[in-house]
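Each chain gets a letter, A, B and C, in the order it is written, and its residues are counted from 1.
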Amino acid sequence: MARYELHPDRFFDPDPVVRKHAREIYECTRSLPIVSPHGHVDPKIFAGNNPFPNPAELFITPDHYLFRMLYSQGISLEALGIPRIDGGETGSDPKKIWRIFAENYYLFNGTPTGVWLDYEFNVVFGIKEKPDGGNASKIYDELQEKISSSEFLPRTLFKRFDIEALSTTDTAIDTLPHHQSIRESGWDGRIIPCFRPDTVTDIATKNWTGNIARLGELTGKPVDSYAGYIAALEKRRAFFRRMGATSTDHGVFAPFTHELTEKEVDSLFRKALRGNAAPEDARFFNAHMLMEMARMSTNDGMVMQIHPGCCRSHNMPLFEKSGPDKGHDIPVLTEYTLNMRELLNRYGNDPRLTLIVFTLDESTYSRELAPLAGHYPAMKLGPAWWFNDSIQGITRYRQSVTETAGFYNTVGFNDDTRAFVSIPARHDVARRVDANYLGGLVARHIITRDEALVIAKDLTYNLVKRAYKL
Amino acid sequence: MARYELHPDRFFDPDPVVRKHAREIYECTRSLPIVSPHGHVDPKIFAGNNPFPNPAELFITPDHYLFRMLYSQGISLEALGIPRIDGGETGSDPKKIWRIFAENYYLFNGTPTGVWLDYEFNVVFGIKEKPDGGNASKIYDELQEKISSSEFLPRTLFKRFDIEALSTTDTAIDTLPHHQSIRESGWDGRIIPCFRPDTVTDIATKNWTGNIARLGELTGKPVDSYAGYIAALEKRRAFFRRMGATSTDHGVFAPFTHELTEKEVDSLFRKALRGNAAPEDARFFNAHMLMEMARMSTNDGMVMQIHPGCCRSHNMPLFEKSGPDKGHDIPVLTEYTLNMRELLNRYGNDPRLTLIVFTLDESTYSRELAPLAGHYPAMKLGPAWWFNDSIQGITRYRQSVTETAGFYNTVGFNDDTRAFVSIPARHDVARRVDANYLGGLVARHIITRDEALVIAKDLTYNLVKRAYKL
Amino acid sequence: MARYELHPDRFFDPDPVVRKHAREIYECTRSLPIVSPHGHVDPKIFAGNNPFPNPAELFITPDHYLFRMLYSQGISLEALGIPRIDGGETGSDPKKIWRIFAENYYLFNGTPTGVWLDYEFNVVFGIKEKPDGGNASKIYDELQEKISSSEFLPRTLFKRFDIEALSTTDTAIDTLPHHQSIRESGWDGRIIPCFRPDTVTDIATKNWTGNIARLGELTGKPVDSYAGYIAALEKRRAFFRRMGATSTDHGVFAPFTHELTEKEVDSLFRKALRGNAAPEDARFFNAHMLMEMARMSTNDGMVMQIHPGCCRSHNMPLFEKSGPDKGHDIPVLTEYTLNMRELLNRYGNDPRLTLIVFTLDESTYSRELAPLAGHYPAMKLGPAWWFNDSIQGITRYRQSVTETAGFYNTVGFNDDTRAFVSIPARHDVARRVDANYLGGLVARHIITRDEALVIAKDLTYNLVKRAYKL
């Protein structure tokens, strides 16, 4: 395999005028610290600070962005060492797993996973080849050697990546032992939790009653009424805030919001506790709980995030075999204008609330989300999310959102990753794509060069800190 | 603040070949007269022809495109002098209002409002700086001086802008006194009304029965049956035609069309008169009235416009405080193919009808609207509307529509503005973006330079005159 | 009219770097054989191998892409010689028809029909002018002379176009006499049928019971139960396979999939046979039949195609006059994630199935289809279809699909045409647009030049052969 170097102008428009501007703008932001206000890195790796075990467990096993592509081409998750929850066998030889990955690396051509991996190999690990069948063993050994050295320990990388703050995502009934232990260790890396209460607010969750029982244990009082439930949630939010959290997160199928009467919601809650809730009940309970969460955020100042519009674990046979987050969460058409009206009418004019809304449905950018964020003071628009966190995806986001919502109703970048070493790669892509977008505006004389430089720094650093209160 | 001049090649692709073609094409259209067949300028300003009172009332107070952005960043409408309907106080010092606007001018970077304002200051008023906190007073005084002079009277600007025809938008129960007075004044500016009967055709309108009573007064006979109602509407249409109107306009939530039986509709009408109509009744009555309006247009030749897909006054608390058109009308997903089938089946093959359809839902451009306009002889596609009337928005419109509907099923540009001095700015943007789109086609050898020049003039001038019968 | 030559770099980005790469990539694919796995060319023309009768019947009458545009501008289908089914008269002078077409040729500026026609005239027929009113007769005569010569016989053109395989689309009750006769003639052109059972699987089809009776005749046994019906369909599939078919095709309004119980479906089938089925019954029967077709494809290896989301024959008055496929099939919003879940859960993990899914709703590319194809091993994404088979449409397809599904979950190009001589024109456009897309990725350093060359050949030739088993 030929030597492969990242091009310094990668992802920029080839037009020399745009490229010149993009380069200059990117130079202003490339070295700014990383602020990562939303993601799914396991805090355990920083608590233990142990070496990553092997290249397969570092790159492949935790990253459903990656293994779903291999699965789509007929490679079984077992062959890739993805653990099974039904007790079945999975591959355990990391070298074999790595070889499959390397032989199929060409599948990632033209995808964000491909460009992130290219960056990780090149910049993070100094490997100047793209993996393939021929160099699989060599690269594996090189990576193994590096991750065994102290230079590649998680905390060392955290500092090398210049991460100013990193938020994890944690269930409402998580006791945050790793966050606790990081704090107690005296290490100064800022790793904070985010309060994600879906497993206790969505009554359709598997084992919801078990989660409610646990919620009662953690808050010192059995939760047997709606009032008790609300009190318990408020206690957990306070605990998360004490542990450094500045935000909450809500993953819902639809962003439907609607306040039930006290009587309705209490009776619905008790019905759910008895295991009798119907799907339509869950829909209304979720709608009500978004209202409650907005109310609490307005009061306690936690930034509220909503990530709606995904049919989680679409492939039920695979889910039963391998569990959630296995690359088959599939977006659905999402409606915001009518669904969020009640919440926005009630809390959207309140300056105490920051509500950050995301989408997987790009048709809503110009139709619903930019007009909403371009009006309601409380609402901001989250960055291009998940499948749309990509070169074209971020470009389309800026193209569809900016003209209606401007730059200042957006909140910078989220890497949203489970793959720790992909963090600098993802931020680099976002910074480059934003620089290129701004460079295009300068080249077309829509904004000036000086305006672009200010905006670039805001998009990269200032807006995220302000929006997430970091 | 540094001197700021508009770049002669602004909004054109930086590629030198595209830019060369775009420039040449734009040169053919830049000086063509403005035809403005749809908008919301207040005819009163031409009737009185008084000086605009001050920069705040000229630029800020009437323009919800502008103040919604400030509101989204936490600036209250009161601070911006937007009148309240609930009797509350609002700011009244235009200098203070202007200062807030100037300090926040950077929020419009990258938005169409920003480029329109840049044009208005530069080209209309000769002000070669962008407003900011530092120059706010100076620019205010400069503007105040200019608008007090005879050169900046409304009628003088109308001629200077080279407006060949300007249509306002007027309710069916408007007596058009300002249009009347303009005609009587002997001034030759062509300002015509457009018949927009929503407040009498939508039975869910606030005070609908009052509007119907007024309709009866204006047509000389109490409206107490559906037949009487139709007769009254036909009379009003005839009055509007006598006053120069060539078009009607219909703002509906969904473009659902369906003809009720005479018996059904008469009974529904009487139910509504008694104040007993349900939301579903309103849906069907609107659907029926679109059929009726198409029938009348087929007979009387008035061009029929449909502007659907907006949740008006989304922010109810703000609506109750400040009234409609305050920057919180939010688009919704819109369906045309099935909703408009009945109307198109009945009237869409009739050469006497011109039906111009708009959308705020860009996902319908390639999916529904271009295929419909590319088939039905009566149907034409309105230009990129409202949030999509922007550099990227018009570009996406041409990119999504042209390949299926061609250029000749579109109808030129609508400025659709309430802000009179933004008219030349908006037409200039549209002409530049169309020139750039055509230049790109020439550069990619899809059409020839000669074809582009013909199409450009058609898009700018001939199609709008033909479609709107001006 | 001025001489008109196709530009060698047409459709490529004007940027010199992108253009250089695009040109080099296109040079690798331009001469590859054409594989046409899905289309609507009439096999009769190859069975008879008679000269095309005249330019109007070659270019205009069979091509609804073309005459719908003329119709949209007020030209009647009768004037264009489109046959009527209600017995009314239609124009029969091909010279007159041709003149109307030539005079209105400018309507196709900027459309794919326009660029295909330019190619057909220039490359296939060596005519170096664009048709217009002035040259209409001259071009007509030139074309007439050519199509009367042996060089332009259908089989000769098939070889000249270098078509390796061409699939037609045939109903389940077609006896395939032309395919039969082509085979018996000893000619080696590979023309194969595709099994499209809509007229027997959609119980809402006009004359469905007649079709079922015919199905019984062809399979030797009256079809009077659901079990008998399934057996008959399996027999017809086997017949099509013997005649060379490798694929099936299913045109449904919505891609809803759902398995009924044996009892439910049998009772529904009998109800339909008695003519008593309701619209909701048809919806469920279609959903069930997609499950059955997936089951059969999993067993017999026929590639399954789904083409959903079209309101066929939208213009009912025109349909009653002129029949189906007359340019007024209009797309509708289409939902895949929830609708296809049952089918994908049941068969989508099975390596024996290849399921190729299409859309007319571009908002589903990034939201639903790319995530689904980027996960399920059985599912592949069909190319940009119908209205979206265009320069911008294919570009948007690659831009929206690639980052999530990669290149290798797509299946190359389909020309999907009824207009035989448009085949090389359409493949040329697709090859150019793909080359340009890949050239853009190289220019932005997202993939390397060498990677682009490999991918280009796969997109043009290898993927289609593999996916369609050709």
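Everything that follows uses one rule, which is that a residue touches a chain if its C-beta (ideal position, glycine included) is under 8 Å from a C-beta of that chain, and two chains touch if they have at least 3 such contacts.
Remember, predicted model here, so these are calculated numbers, not experimental data.
Homomeric contact subunit B/subunit C: same residue numbering on both sides for under half of the interface positions. Superposition of subunit A on subunit C using C-alpha atoms only gives a rotation of 120 degrees, nearest 5.
Remark: subunit B and subunit C have CA centroids separated by 40 Å (rounded to whole angstrom).
Contact with two or more other chains is made by residues 15, 333, 363 of subunit A. Put simply, subunit A touches subunit C in their complex at residues 2, 4, 6-7, 9-15, 68-69, 71-74, 106-112, 114-115, 311, 314-318, 327-333, 360-363, 387-388, 390-393, 396.
Residues 15, 17-18, 333, 335, 337-338, 341, 344-345, 348-349, 351, 363, 366-368, 370-377, 379, 399-400, 402-409, 440-441, 443-448, 450-451, 454-455 of subunit A are the ones that touch subunit B when the two sit in their complex.
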